[in-house]
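Below, chain A partners chain B and then partners chain C, in two separate complexes.
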Partner chain A sequence: MAQWSCKQKGCSVASSGRCVDGIEPPSGCPHIVQVAAGKATVSTKAAGRTLRLPGGGVLDFDQASSILRAEPGKILLVAGAQRSGKTTLPLAIYELFNKGPFAGLHFAGSETLFAFESMCHAARVRSENDSPDTLRTEFEAGTHFLHLRLIRDGDIRQPFNLLFADLSGEHYENACNSTEDCKKIPMLRRADRILLMLDGKRLKVPAERAKVFKEARGMLGSALDAEMLTASSQVRVLFAKWDLLADDTAAQSSLQQIEDRLAAEFRSRVARFEFAKVAARPELPTAEVPLGHGLAEILGDASFPPETPVPLPLRLPVPVSDRQADRYLALRLPHLCKEVKAP
Partner chain B sequence: MSTAKQLLLMGLPETGKTTLVAALWHLVESKEVERILSLQRLEGDRTALNQLRDLWMNATAPERTEQDTAQPVVLQLVPTAGGAPFSLHIPDMAGETYRSQWVHRQWTQEHAERVEKADGILLAIHTKIRKPTLLCEIQSAFNGEPPQPPAGKKTGKPAAVRAWEPEHASTQVMLVDLLQFALAARTGREPLRVAVLFTAWDLVPDPVPQPEDWLDQELPLLAQYLHSNAGLLTIRCYGVSAQGGDYTKAAERRALADQLLHSERIKITGPGCAPHDLTAPIFWLLA
Partner chain C sequence: MDQQFVDSYRQATLERDDKFLRGRWKLVAEVSSKLSASGALELIRVCLDLPSYDRSAIATLLDAVKDPGPQYARPEITLELRLLAGIIVERFLHEPLLRTTRIADLTAAALLCSRKWQPNITVARPLTPLAEAAFQQISERAVMVRRLPSEAPRIDLTMPTLPTIAIAEKEVKYAFEIPVKVQDRYGEVQIQKTPFSLTIKEVDTASLSEWSKEASKKLQQYANDVMTLVNKKFQEAILLLPSIRSILTEENNILWWLFGEASNTSKKQFSKISLPILYIVIANELNSLTQQTPGPSAAMAYIDRALRSGRSSLPDAATIAELVAVVSADHRPSWQKLMRPQLADLCPIMQSICAGTDMSAKESGRYAMELPATEFTFQLYQELILHRLHREVVG
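== the complex of A and B ==
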């Protein structure tokens, strides 16, 4: 069995063990996914007595699924235009747990520590970067996950898992413009929370505000019309990079209009439709807008109430016959079922 | 006939694992100070152990333990206050072995078996730890201006961004992953006891906190992980100075080497510990 799999075109890491970008070891590449999660697996390449350990890279669909089968958890899909801060959001949450408990939650483990560390690097002093950056991660349509296992204050009996997927800027733009393209993003339907990032840097520029609003409206409209978002969906629109907007009263007035209009159009069509102001990693953290500003609310919301494990992925609808057991299934899990007409 | 107990001495490179083994051997063999565990009898070839001890008594740093050459240290011990004797196996694993687990994501079959069989873990963590600093926090401290290079250093052309390497990860993140590997390798057992030994404890500046408080302050991610997995891990924290001082300072080194009762060089603070008793964490691990 190969250790690695990579989503990049032309990368033969699965067969050769070499990363197409020359990253050594390949596990440091953010595009890579580990093939085996959890237990060590026996290597076929290395010496016979060497066992491979979990790779620590981003998880694929099946690995995320196995986590959710074992323990309660939620999938948070972060959607937004390019450079809107989608990847920075989970990385900032990880950095905050590196400093201590956060939002009444405590770190209890992660299957993706290696990925977190490599992706956080460009925002750390050790990178010798002039200014903070985030390694871009355009992971197709929300099919790769960063993982955190957490507990609530003092309650070690009920660990739960958060799996962060992000929707690439390209997929976001396609979804904004096309209902058909939106249908190609099954994670929109499966995610427990949709976090829609509106880029504060663009919102600060008057000429860009209408475009940002149009994109968000297009995305939500497409997703609802494509039935990728439904009456049970939970959506939170995030005004990201709030540190750039906190003192800009003119911009805030426009944001209120955007909020009012989006709420008027979409709030009644989903289970929850809320807004938040976040600055995951402010350019200059202050007492008013510190590191992780607004993220406590998002995490707190995502961590409660505990939900029963739901395995991923949800496959094809289950045919429902007139049998009582099937009827019961249709009643309890209607989204999984489809009616079958009597012959 | 004594039972066999196995401990895993875990730690990243240069955390003082070999010094701990040398000091432990001297402590139980010399009988100089109060201790919970005593040597029951001498057994087998002790050449390597005695060489390590000689270096330690001369206040000389041991050579770094090479990867894959570790031989288990076997001590025949018995509780000083009475009780069943046991043979204690402690492989003096190279720190490189553990760093390699993080970097290369693999371990040997032998090591997997050691982890599976271990009755407890001695986790050595040097008090000099690597913590990441965020660029935005530094810039915030400098009111938005990037810190200026030291006088004399050339400026102008921006430096290339340094590529990430797994070794750049912080100490606590590596340790969390190592513990995750260890827990994943064990199935259906009682909670694993972990004695966290903060080595070079004498270097912690005043006011010196309790070791468990130091864990919370300095290694918060690791602390959360250990506390959050209380159903799988039971921990106790100890502050240990096994060298007794700084070998790089000539006068201090001479004073250490000239000491009559070398066991008194060992300082340990933690629950149920006499001041020099390095066997206390082991006794707790095996209780």
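== the complex of A and C ==
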């Protein structure tokens, strides 16, 4: 149910649901603000016209749905243990777009600018933190979205949307151990891409590697057993914080083993099962591991393929008929015909 | 609920429950079952992201999917709307009860004409199944409307069963006394009565009469039914004759036209007519020879045959620009008169001829049609057929 608050002093719409000016329903009042978890939408109504201004906060289910109804879009579910860099991934992509076009794509808008900015704040100098950080997300599993609207180079008529859903560390851990908990994350089934983050910081520690592998294996196994991942799912396992592992040859050999074992177990069970090395926000960006290392690949994979207008193929069905006149098409232009089975 | 629908719709929703999708499927069924000619054309425009002509024709659909959406999106053509439009058109062309209607023929022809438009934005519903449904519809209907009766009308009336009768007999006993002259011992003649009895079995004539009445009634009814049916079949056969005649005339005329390898209008051989003009001549003349819509299923082959007569090869690509260039200003008004405004945006070649400018230069995406000569002429022929269909359906 919608919750209201009013900008006018003395209005108790928030508690009583009644507008101080007596406007019924209260949504018609120009001073009213609709408040829902993590978002605020200002609604003004005049002469029967409603203008909904975006609040800029994370999108809920309905708002994300609304975007998908309007334009092509894909859902990217970022899953991983706590502090594995799940939220940092979309934030880093957003920050890269702040600097200009990235991976052949142009920023064309976002419904969650405020959310991006507030989450990025901790990573900026202005926050006066010692090092870049990301605010932890506290949302329900896969029910809140960060949004990016992008356009491919020279293709301004075909914008597309990316919606990043975040699976919190707690839900990830529960899902690793239980198919029942997995079933509580419907976004696993709906997501167009699942990005499974393996924390590079933990992978660097030999004692932690087995645990990270076990968690990833548990998560994928549970999701498949719970049929939340199916043969049409597309999964990309990301070795996050790659800047910490780039020079560690010993760790890399272990990662190769992890990769081989996961691939052997899961590649045949989903449509796509791939690996990538990413460093969304490396501590010390280098030429080998720059800011946003590996993100271009993820974006390229998630974006819609360039739409080159291709005329529809002309495949004329051959009618089922005993008349020579109807057979003439197949006799004269067989290369344009498509055989039709007799009913 | 159609699984293909669920899979397609997944692109435009995050809804997890079936209730929403069932509602949308119901909407698809409702709109497709009440689709008007202008509604069908408008759905094609929505699906291909073409400018609207008559949005009110799809008011039910628009009301149902009203969603303010994000500010940047064009609320008039959302992805969901385009998706639904494609699904409705596809269902319309697949539903057995709907696809035998003239509106379905019009829809398929319109899709066929607009299929080369190369829409510039991502199409939610792949256009291939739609185009295939349209081809299938046109092909099957072309055969259906030209089907000749293969046998004489049959009178399938079963003989009435006459009532059975059990012939009842009754025994009638007759008793007589027969007088006999008898001489007694004294020689006197006496009359002595000798009793005599006779039993006869007689038929019950009352039930026989009843049976006769009933049988005669049934036979009379049967005779009436036979006469009514014979009359009806005869009427049908008579009414079918012009259609049969037109089917055979069409086929015969096209054959002789192809055999003659010459234009009916300019009286010149096809090989003597320069190519861009020949596209128009052939499309126009085949359209004139076509008596039933949709046109013959082998129309493309006829066009190919006519184009190649006396020519060793045809150009790989024919364009609107070269066609428009050869149409003189004197001929343009006749095209403009023929052109129906409701179909203008669905018929790229005719629209360009009417406008007298190379539309491909203006809107390269939509009108940049480079087709092999046969396909190009077929496209123009289909546009002419679409106009005829529209006149037949809408008036």
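Some notes on this structure:
In this section, the second predicted complex is superposed on the first by the 253 of 343 C-alpha atoms of A that agree within 3 Å, B and C clash if a C-alpha of one lies under 4 Å from a C-alpha of the other, contacts with A are read in each partner's own complex, and residues count from 1 in each chain.
Methods note: a residue touches a chain if its C-beta (ideal position, glycine included) is under 8 Å from a C-beta of that chain, and two chains touch if they have at least 3 such contacts.
Here the structure is a predicted model, which is why all the values come from computation and not from measurement.
When the two structures are aligned on the shared chain, A:G221 is found in touch with neither chain B nor chain C.
Judged by the touch definition given at the top, the superposed model places A:I151 against chain B, while chain C stays out of reach. Of the two partner chains, chain B is the only one that A:P101 touches; chain C does not reach it. Shared-chain residue A:L284: touches chain B; no touch with chain C.
By the touch criterion defined above, A:S118 lies against chain B but remains apart from chain C after alignment on the C-alpha atoms of chain A. By the touch criterion defined above, A:G109 lies against chain B and chain C together after alignment on the C-alpha atoms of chain A.
Judged by the touch definition given at the top, the superposed model places A:G294 against neither chain B nor chain C.
Residues 50, 52-54, 108-109, 157, 159 of chain A lie at the contact with chain B in one complex and at the contact with chain C in the other. Considering their complex, residues 10-16, 65, 67-73, 75, 78-80, 115-116, 118-122, 124, 127-128, 131-132, 135-136, 139-140, 142-143, 146, 148, 251, 296-298, 300-302, 304-305, 365, 369, 371, 374-375 of chain C touch chain A. Per the touch definition, chain A reaches chain B in the complex via residues 3, 25, 27-28, 38-40, 43, 46, 49-56, 95, 97-101, 106-110, 113-114, 116-118, 120-133, 150-151, 156-157, 159, 281-286, 291. Residues 101-110, 112, 132-140, 143-144, 146, 158-162, 164-166, 168-170, 172-173, 176-177, 180-181, 184-185, 216, 220-221, 224-225, 227-231 of chain B are the ones that touch chain A when the two sit in their complex.
Within the complex formed with chain C, the residues of chain A that make contact are 50, 52-54, 61, 64-73, 75, 108-109, 111, 149, 157-160, 186, 190, 304, 307, 309-321, 323, 325-329, 331-333, 336, 338, 340.
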